[in-house]
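Chain nomenclature is as follows: A, B, C and D, assigned in order of appearance, with residue numbering initiated at 1 for each chain independently.
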Amino acid sequence: SNNFFLLAGPCAIEGEDMALRIAEKVIAITDKLSIPYIFKGSFKKANRSRIDSFTGIGDEKALKILKKVSETFNVPTVTDIHEISDAEMAAAYVDVLQIPAFLVRQTDLVVAAANTGKVVNLKKGQFMSPESMKHAVTKVLDCKNQQVMITDRGTMFGYQDMIVDFRGIPTMKQFAPTVLDVTHSLQQPNQTSGVTGGRPDMIETIARAGIATGVDGLFMETHFDPANAKSDGANMLHLDYLEKVLTNLTAIRQTINNLD
Amino acid sequence: SNNFFLLAGPCAIEGEDMALRIAEKVIAITDKLSIPYIFKGSFKKANRSRIDSFTGIGDEKALKILKKVSETFNVPTVTDIHEISDAEMAAAYVDVLQIPAFLVRQTDLVVAAANTGKVVNLKKGQFMSPESMKHAVTKVLDCKNQQVMITDRGTMFGYQDMIVDFRGIPTMKQFAPTVLDVTHSLQQPNQTSGVTGGRPDMIETIARAGIATGVDGLFMETHFDPANAKSDGANMLHLDYLEKVLTNLTAIRQTINNLD
Amino acid sequence: SNNFFLLAGPCAIEGEDMALRIAEKVIAITDKLSIPYIFKGSFKKANRSRIDSFTGIGDEKALKILKKVSETFNVPTVTDIHEISDAEMAAAYVDVLQIPAFLVRQTDLVVAAANTGKVVNLKKGQFMSPESMKHAVTKVLDCKNQQVMITDRGTMFGYQDMIVDFRGIPTMKQFAPTVLDVTHSLQQPNQTSGVTGGRPDMIETIARAGIATGVDGLFMETHFDPANAKSDGANMLHLDYLEKVLTNLTAIRQTINNLD
Amino acid sequence: SNNFFLLAGPCAIEGEDMALRIAEKVIAITDKLSIPYIFKGSFKKANRSRIDSFTGIGDEKALKILKKVSETFNVPTVTDIHEISDAEMAAAYVDVLQIPAFLVRQTDLVVAAANTGKVVNLKKGQFMSPESMKHAVTKVLDCKNQQVMITDRGTMFGYQDMIVDFRGIPTMKQFAPTVLDVTHSLQQPNQTSGVTGGRPDMIETIARAGIATGVDGLFMETHFDPANAKSDGANMLHLDYLEKVLTNLTAIRQTINNLD
């Protein structure tokens, strides 16, 4: 179909029911729109601002739920890893290992992910230029792993805001397939509460710009009840809006595919 | 046609021949694509980094050329003003008075432009948030002039780079019709040479994102020989590329028009 | 005494009484500390965010008050100009003409100020690098006016914050005597209210860093009742704190003077 | 003596000879100036831009050299850790465990360091506000470890530059003793070569501002031959300049200590 692909799911795996419920809802939409889909869920939240933030339901338990989602719906899955020892553990359960933005400069972690032979999704650090992602991609390729992609999740703009630099899309596509993370790109970090804020009203705006500038895929966190999600509720797209957003984006993508 | 409109032309009016030649070329394309067109040219360049930069061929002379373009091709024209006394002078020759980004906080200048009754195009300062343009628009409206628009020309990002914040497009559209200046948004200021740099290879990328996020119009500087233009050569789009770019953008616009 | 010099006074000249009262208070302190002093006051506020902000008591009236302060206390004075025609008018009353940060790229205005033969104080644009101030200084020197100084008032850092780059102090001192504006550097612009915020608690911190890095002078706005001042109340230093701050800064300066 | 303290040494431990030679030279100076000294050296460089950058001589080998320096000269030592398993390993050899800026949001790593009972030095992320360091400090305190300090190493300013926000010094001192890293603060990251640049000519400027604004300590990388050092050569201070710089800073500190 030559449509964009989608990495989507809840921020954190909070339990089996919610994971399956979200996956089922998303798949109904992506099947209809011919969007290749990868279910996303974190098995652990390791980089919260505050020590009392939710960090997970248990690593093994969460990873098994990811596997269950994969088997139930026949979709690939992606999760993020934070320690070298996470790489092999997670690789036993998921198809794509994601390196968080804060950690993408940690060579040993990137190499550990690459050496599992799984697809590696490198998030661009908020402090990195699009050009500098070339070096991160090269670290994966040097491990004889050609399956690597880049995800942009915005760039630091003052202390409490992020901005997406769309010049970076064609730049990073020179190195690897490039994804735009439309929910984290809208974060507003360093809020005085210690809880990151967001602009979910801008998700479709940013996603349209991403599709128009040629991203290969989109990443978004979605939930049937963002306000009560255990992490990142301020950024997730409510599942009820997903079909309309993806329908619009698919229309733009089809136009883009036919341009000269 | 419900297409976007276009403000385009050379950075500075260098002479009658070049102005007519550029206008003719652009009009052939915009007529074909049903793009409402406003011819753009500066009669004076008042804010160069260096004192030895080109500043113009004479105010009156340049303004008369703008009038000539307007009469020859039956198109409206736009030029930028820098002093209160410029407002009435330029209003005698052009249809749209543009307030430069550096000057958009100068209340007296904005009021002088508004009081001519002409359309006022307010460029967002590189140092301003999209939200703060509300106050600039209000200054025009308070002069009983409803004909006001906003043009985004990028936001300062470090000393030597600019970035476009596409969250600003829907935000500013709440205040007035909003235009994206796709050539100045790609400037790279504060270069050690004292001559501003640019990224003309990114013009279509940025323009696509603008159309996809709903801009009402585009602004771009174009020339048949940017390398030899007397100012801003590093940013202008070569006229030879204009038709392809506008054709692609028109296709995206048509898709956007039909979205829910 | 080889102490730093000081440009200080109220943001705007609100009346003769307040101007004389502030000048008298400041002079009592600067005399005691051997600080060369220039009285500062704006005769017009031309670049407010909102049209309903206070803009002044009348140009001529305010300029005459500046002259009165100068004659009463035998101190030089400084005011900022916004239009070419302001240059000659203000030069008849004050000793130093200041080019506002937003306007420092306007060649005609800088040249008009330089041609009066008065000292020209160029404020670094919030959007400019320290290095690029070389070009602004050159414009003054090219008018055969050697009396030029630079004032740093902070650099844009995200939409709603400013930051002082102290690497810029030794850089700009290569071009001209360099002043740090410690009150405007702490502004927090683009607030949703349309009224600029500030961090007056940080004035001494920023001033100490300025003295330690070798600034030639300091600029600060001060008032006996900042909360009720007609403009920039959020940034001004209360006059009651001035002596202690300047005493501390003088001590640091004396140490700096004796370093290798 | 109430002088500031100093964390200094080479970027990476390249061998025993160089470590002892640098320590000896620094100690001769800090003893003379009554500066409490902590020898700094990385046992592993885990976050290089490029995979072919130097990463170390072997973990155990480098840690033993740190221990040797400590025993030979009776000085405490500091090294940075990157994985949870590094915490206990390094704690067997050094006195202070440092959390790198990119990793300071990794709760598990901070907790692992805190639980060793060693002093924890938290580097402020380039993407974090001074205020948000409160949460990182709280994570250490919650482990019943009161020995925590913060080190500022600059904040992202555009893609290829860093800036120090001196408003952050008094802010972070509210949470823990605060150190300024004067060499990394001057880095210029994301250079096209993949090798970070720097501005060593600005080290004393930035350090003076730090002392004047009240930092408790300074951090700097120093080497007898920066041009041939195996990492970060572009930022280190040549050892030959160290005495003059520290002498000047001590003079400013003494003045600051006596201020009101």
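Note that a residue touches a chain if its C-beta (ideal position, glycine included) is under 8 Å from a C-beta of that chain, and two chains touch if they have at least 3 such contacts.
Source: prediction; values computed, not measured.
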Q. At the chain A/chain C interface, shared numbers over all numbers used: above half (same) or below half (different)?
A. same
Q) Counting C-beta pairs in contact, which comes out ahead: A-D or A-B? A) A-D
Q | Chain separated most widely from chain A, comparing mean CA positions | A | C
Q. Centre to centre, by mean C-alpha position, how many angstrom separate chain A and chain B?
A. 37
Q.
Roughly how far is chain A from chain C, centre to centre by C-alpha average, rounded to an integer in Å?
A. 48
(Q) Roughly how far is chain A from chain D, centre to centre by C-alpha average, rounded to an integer in Å? (A) 33
**Q.** Residues of chain C whose C-beta touches two or more other chains
**A.** 155, 157, 159-160
Q: Flag every residue of chain B that touches chain D in the complex, lowest number first.
A: 157-161
Q: Over in the complex, which chain C residues touch chain B? Could you list them?
A: 46-51, 55, 82-85, 102-103, 105-108, 111, 125-129, 131-132, 134-135, 138-139, 142, 155-156, 159-160, 189-190, 192, 194
Q. Touching chain A in the complex: which residues of chain B?
A. 155, 157, 163-167, 169-170, 186, 199, 202, 205-206, 208-209, 211-214, 244, 247-248, 251-252, 254-256, 258-260
